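Here subunit A shows up in two complexes: once beside subunit B, once beside subunit C.
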Partner chain A sequence: MSVLSISVRPSRITGWVLSWFLFAAGISLYFYTAQRRHKENPDDRVVPTLAQLGAGIYQAAMNPDADEEPAADAASQSALDRFRNGMLWKDTVASARRFIYGLALLFPAVLLGLHMGLFPYFGTFFLRFILFFDKIIALSVLPILFIAFGIDELSKVMLIVIGVTPTIILDTFNLTRSVPPEQIVKGFTLGARDFDVAYRVVLKQIWPRVLNSIRLNLKPLMLFLFAGEMIASTDGLAYRIALLRRHMGMNIIIPYVLWVALLLFLVDLTMRLLNKRLHPWFREA
Partner chain B sequence: MVPGSVTETGATQAAVHAEPAPDLLIRLENIHVSYELADGSRKKVLDGIDLEIRRGEFVSVIGRTGCGKSTLLRLVLGSEQATEGRVLAGGREVARPDRDRGYVPQKYSLFPDKTVIDNITFGPEVEEFSLLTRFRPMFYRRRKEFRAEAMRQLRRMGLHESDATKYPDQLSGGMQQRVAIAQALVMKPKILLMDEAFSALDPGTRAGMQKLIRQVWRETQTTVLFVTHNIAEAIHLGTRIVVLAKDGAESSGSKVALDLPVPGVDEELPKIAERVEAAAGHSRLDEEE
Partner chain C sequence: MRLRSALLFSLLVTLPLGAQKPAFTVGWSVYVGWNPYYYMAKSGIMKKWADKYGITIKVQRFDYAPSLEAFVAKNIEACAMTNMEALDMPAAAGIDTTAIIVGDYSNGNDAVLTRNGVTFKNLPGKKLLLVEKTVSQYLFERGMAMNGMESQIKRVQLVNTSDSDIAAAFIADTSHEAVVTWKPLVSQILKTPGVTNIFNSSQIPGEILDLTVVRTDVLNRPDGSGQKFAKALAGAWYETMQLMSAKGSGTDKVLAAIAEGSQDSLQSYKEQLSTTHMLFTPQAALQLVTSPEMKQKMTLVKTFCFNHGLLGEGTKSMDEVAIRYPDGAVEGKPDRIRLRFEKAYMQAAGEGKL
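And now, the complex of A and B:
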C-alpha cells in the first residue's frame, strides 16, 4: 500500500518517529556543519558548537548585561539570584511586560468587534474605518509612531495596537455575525435585554473561537513587539538579539531564538488547554 | 378552542374591524410583505393577510415551500416587520421579540455553550437578574428554585435527570427539541411559536414529539402557532388550520386560502385533508420532497 494514500494512517510508533524526524535531522545537520566549520576554522562564530552554545546559555542566564554595573556581592549570590539578575531573565521580563500590555489591549478590541457585529449603528460607524485601518502596514508607520510617541514603551504598544487589533476586531465581528439569528431571537423570547444577548448569549458562544483567533495572532503580536524592541529599546529579547548581531554573538542569539519559540509554544499550549478545559462543549471545526 | 365559525379568506377580513374579542391574543391586520430583489424589482411574499388567534388555540399554518409560512411566524414573533399592515399582540403592536412569545425553531433551538439545565434556567435567570445583580447572594437562592422548576419541566418532557448536565450536541434531535420546548414553556409565554420544529426529525421521533406537544398543549392550554409543511401533522395537531397559498400568478404573494377548525371526529379528517390539499395546491406526496 502506498504511503501517499489518503486512507493509509501511520502506526503509533511510525507516527512518533515521523513527527520527530525533522527535529532530529535539523539538529544533526546543525552539529555536523558546526563540526566541519570548526575543523576548517577553530575560531568560527557563525555556527557555534555545543560547547560554545552551552557557554553562551550560561553567560546569558547567569551573568548580567555587560553594560550593567556588577553587583558588589555578585560572588556570594545564589544561583537563583544570579539567574534573576542575568540578562536572559531581565530581557524575558521586559518583553513579557510589553507582550501582556499588547494582549490586554486585544480585549477592548474583542468587545468592539462584538458590538459592531450586533448593534447596527456600531457596525455602520466603525466597519469602514477598521477595514481601512486593517490595510495599513504597521511597520510602515513605525517612524511616525516614534516621532509622535517617542521611543519609549507607548510607541511599541501602539505598534501592536495598529498591527494586531484590526484583525481581532474584524475576526470577532465576523464570528458575531456567524451566530445564527435564531439564537439571538431566542434570547429575546427568554426575556434577555440587548446587552444580555450580547454578553450572555453571543459572547459566550463565540468566546472559544475568539481565544483561538487571539492564539493564532500571538505570532504577529510578537513580530510587532520584536520590531519595536529591535529598533528602539534598551532591554528585551529582541533588543538583545539585535545587539548581539553586531558582535556576531551566535552562541547567544541561537539560544535566545529557541527560548522565544519555547515561550510562545508554551503560551499557545496553555491557551489551547485552557480553552478546552473551560469550554467542554466547543468542537473546533 | 376553535374559532366560532368556519371562515374562508374573505370572511376573516370582515371580522377584523369589529370589536376585539376578549380572548383575542394575536391579530394580523392587512399584512403585506415584499422583498427587494437584486434587479430592483420586488418579490411579494404575503399579500393582505388578516388573521386572528384566540387564547388556547392550536393553530397549524400550512402551505407549499416558499409560501411565506415562516415569514408569517416571524411577523408574530417580531423578528421581522411587515412592509404594510400591523401585528398586534394583546392589543399592542409587535415591534420585536419578547418573553410573551416563546419560540422553537427547526435548528439552533438551544444555546450550544450551556448544559440542558442551564438552557432551561437561562430565561428565568436573565429575566430576574442582570449581568451585575447575578453576583448577589439572592441570585444563588433563586437559582435553586429555577433549577427545581427546570427539572420538573425536564421530567414533563420525558427526559431523565441525568440529561440535565449534558450539552446540546450530546443529545439526539428529538431530545434537543424536547429541551427547547421546556426552555420556552418555563417562561409561561402567552403563545408558543413553532417553526417547522419537527421537520428535521425521523418519523418515529416525530410521532413521539407530536404526541408530546399535543399533551403539553392540553395540560397548559398555551396557545400554539405551529408552522409545518406536513398536512397530516397539521391536521393531527391543530384545532384550527390556516392554509397559505398564492392565488393565480406566481408573482403574487400568498393569502389565507383556507382557515377552518379541525373537528375532533376522526371520520371527518380525510375530508379536511382533501380540502387542505386542494387549497394548498399540493398533495401529501409533495411532503416527501
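And now, the complex of A and C:
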C-alpha cells in the first residue's frame, strides 16, 4: 500500500489530482445543493446558484452601496471609476486601513519583547503583567474598551492590538531567550555595547522567526478586525457581511468571504517571499 | 450471517421512525412579547396542546437573527418575528409565510434616544447608532418623516451596531449623541443622566407588530399535521395569554416565570409590558388584523423594505412581493403572495373551538 508508506511519493499527475480533489468535491457539493434547493424553491437565497453569484459579484464590485446618494454622473463613468466607487472596493479600503494600522502596531511589540528578553530590568517590569494580560479575552471587556477608546476607528485598532500584541511580545521574548548566551558574551568580548548586542546580534538572527510569527498571527488579527467591524461600524468588509446577513444576501456574502480569503492568502504569500528574500539562510518559513 | 445482521439493523432503524409523531419546532428570541413561549414550554402548556393534536412541538430559543435564518433555511417550521421581518426575510428568500397569531404591537418599546438635547432637526450630519435594516431604522425614518425631515434622512450617518453591545457603546462613548434601540436596552440607556426619549413606537401604534409565523407549505401538508400544529400553537398561546392577563394573585407568579425566560425580574418585565400593547384575547387580535388601517400600515412597512432593497435583489416593483389579508384582498401580484395574514386560528381560539 503506497498510500500508507512514508517513502513513496505520488507521481506529478496523481499529486495534482489529489491536491485539487477536495476543492472539486466541495464545489460540486455546493452546486448540487444549490440546484436541488432551487428546484424546490426558485427564489432560494440561502445557497445561490452560479448566475446569482455572478450577479452578486457584479453588483458588489460595480455598484455603490444602495443607501448612498448616487453620483450625478453615474451613467457616464468608466468601468474603472465605477469599480472604485463600488462597495467592494470601498469596503476593502476601509478594512485594509485598519488592518495596516493593526499590523504596524505589532512592530513596537517586537521591540518590547526583545528588550524584555535581554534587559533584566525591562523583563522584571513587564513580564508578569503581560503574561496576565495575554490571558484576557479582549472581546469580553468591550464596554471598557468603549469607555477608553470610543467606538470609532481607535477602538477597532485597539481591539486588534490588545488581542494580538501580547502573543507577539511573548513570542519575541522567548525567541530572544533562546539565543545562546555564548553569542552575547562573545559580542561583549569583541567590544560591542549593549545596544549593538541587542540589535545587531540578537534581533538580526531572530528577525526571520519573528516575521514568521507575525505571519502566523495574521488570522487572529483578521478575526479581531472582523469582530470590531461587526460590533459597530459604518464601512468595511465585515460590516457588509453583517448587514447582508440580515436579509440573506448570500450571493454577495460568499464572494466577500472568498475575496477576504484571497487577500489574506496574498498578504501571507508576500510575507513569506519577503522573508525568503531578506533571509536566504533561513529555512523554516 | 451478514444478511441477518443487515435485517436486524434495518429493523432497528425503522421501528422508532414508524412510531414517531409528526414533530415541529417553533423558534423564539428574547423579547417581551415572545417570552411567553418560554413559559409555555416550561409549564407544560405547549405539551398539553401538542398531545391533544397528536403531535410533538419543540420550543427553541435563538438569537433573533439566527432564528430568522433558521426559519428561512427551513430548519424550523414556525418562528416569532416582527411584521417587517416576516415580510422581508422570507419574501427575499421566496418562502411563502403565514402569520397565524398577532401577539402584540410595540407601544413604546422601540425608541430614538439622544443626549445633549439633540432633536430630529439637528440630527443630520451626526452619527446614529442602530442595528441597520431593522425596525430600528424604520422607526428612525418614520420619526424623521413625521418631523418634516424626510429629505434629510440620508444625511444622518448610520453606524451599524450589534444589539448585544449597543447599550454599552452608547453609554460609554459620550461623543455619540443618538441611538435607536428597543427594550430592555432602552430602559438601561435612559438611566444615564442627560439622555432623553425623543420618539418612540407609541407614536406609530400598530406599525411594529409581533407575530408568530408558520411556513405556508407546512400548513398545507396533505396529512393535515401542519394545521394541527397551528391549532396547537394558537391554543397554547391564548391559554398563556389568559393566565398573563387574569386579575388575581396568581398572575404575578406567571409573569415572574415568563420574565425568567430573559433573566429579567418581575418588575422589569412589567415595565416592558407597560409599553407593549399585548393583544391578550383573540378578539383583540382579530380586530386589529381585519381593520382597514392594517393595510395602510403594512404598505408603509413594505415601502420601507422595498426602498432599502430588503425584498430581495431583482425585485423591480413593490407588487412583486404580495401580501394577502384576512378578507382575501391581495396587495400586489396574486401569483407572488409571500406573506398571508390568516385569521382562522385566532378565530377558532376566540370561539373556543380549538
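Basically, the second predicted complex is superposed on the first by the 283 of 285 C-alpha atoms of A that agree within 3 Å, B and C clash if a C-alpha of one lies under 4 Å from a C-alpha of the other, contacts with A are read in each partner's own complex, and residues count from 1 in each chain.
Here is the rule we use: a contact is a pair of C-beta atoms (placed from the backbone, for glycine too) under 8 Å apart; a residue touches a chain by one contact, two chains touch by 3 or more.
Note that the structure is predicted; figures quoted are calculated from it, not measured.
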Fit or clash - subunit C, subunit B, common subunit A:
fit
Figure out whether A:R283 sits in contact with subunit B (first) or subunit C (second), or with both, or with neither.
first
Between subunit B (first) and subunit C (second), which does A:D196 come into contact with in this model arrangement: first, second, both, or neither?
first
Looking at the overlay, what does A:Q205 touch: subunit B (first), subunit C (second), both, or neither?
first
Kindly classify A:E182 by the partners it touches after superposition: subunit B alone (first), subunit C alone (second), both, or neither?
first
Answer with first, second, both or neither: which of subunit B and subunit C does A:N41 touch in the superposed model?
second
In degrees, to the nearest 10, note the angle that opens at the C-alpha centre of subunit A toward the centres of subunit B and subunit C.
150
More subunit A residues touched by subunit B or by subunit C?
C
So if I take every C-alpha atom in subunit B and every one in subunit C after superposing, what is the smallest distance between them in Å?
44
Inside the complex, what are the residues of subunit A that reach subunit B?
180-183, 185-193, 195-196, 199-201, 204-205, 207, 279-283
Help me check something: in the complex, which residues belonging to subunit C touch subunit A?
65, 69, 72-73, 88-89, 92-95, 127, 129, 132-134, 154, 157-162, 165-166, 168-169, 172-173, 175-176, 308-310, 312-314
Quick check on the complex: what are the subunit A residues that touch subunit C?
41-46, 55-56, 59, 66-69, 142-143, 146-147, 150-152, 230-234, 239, 242-243, 245-249, 251
Subunit B contacts subunit A in the complex at 77, 79, 96-99, 101-103, 105, 107-109, 111-114, 122-124, 126-127, 130-131, 167-169, 183-184, 187, 189
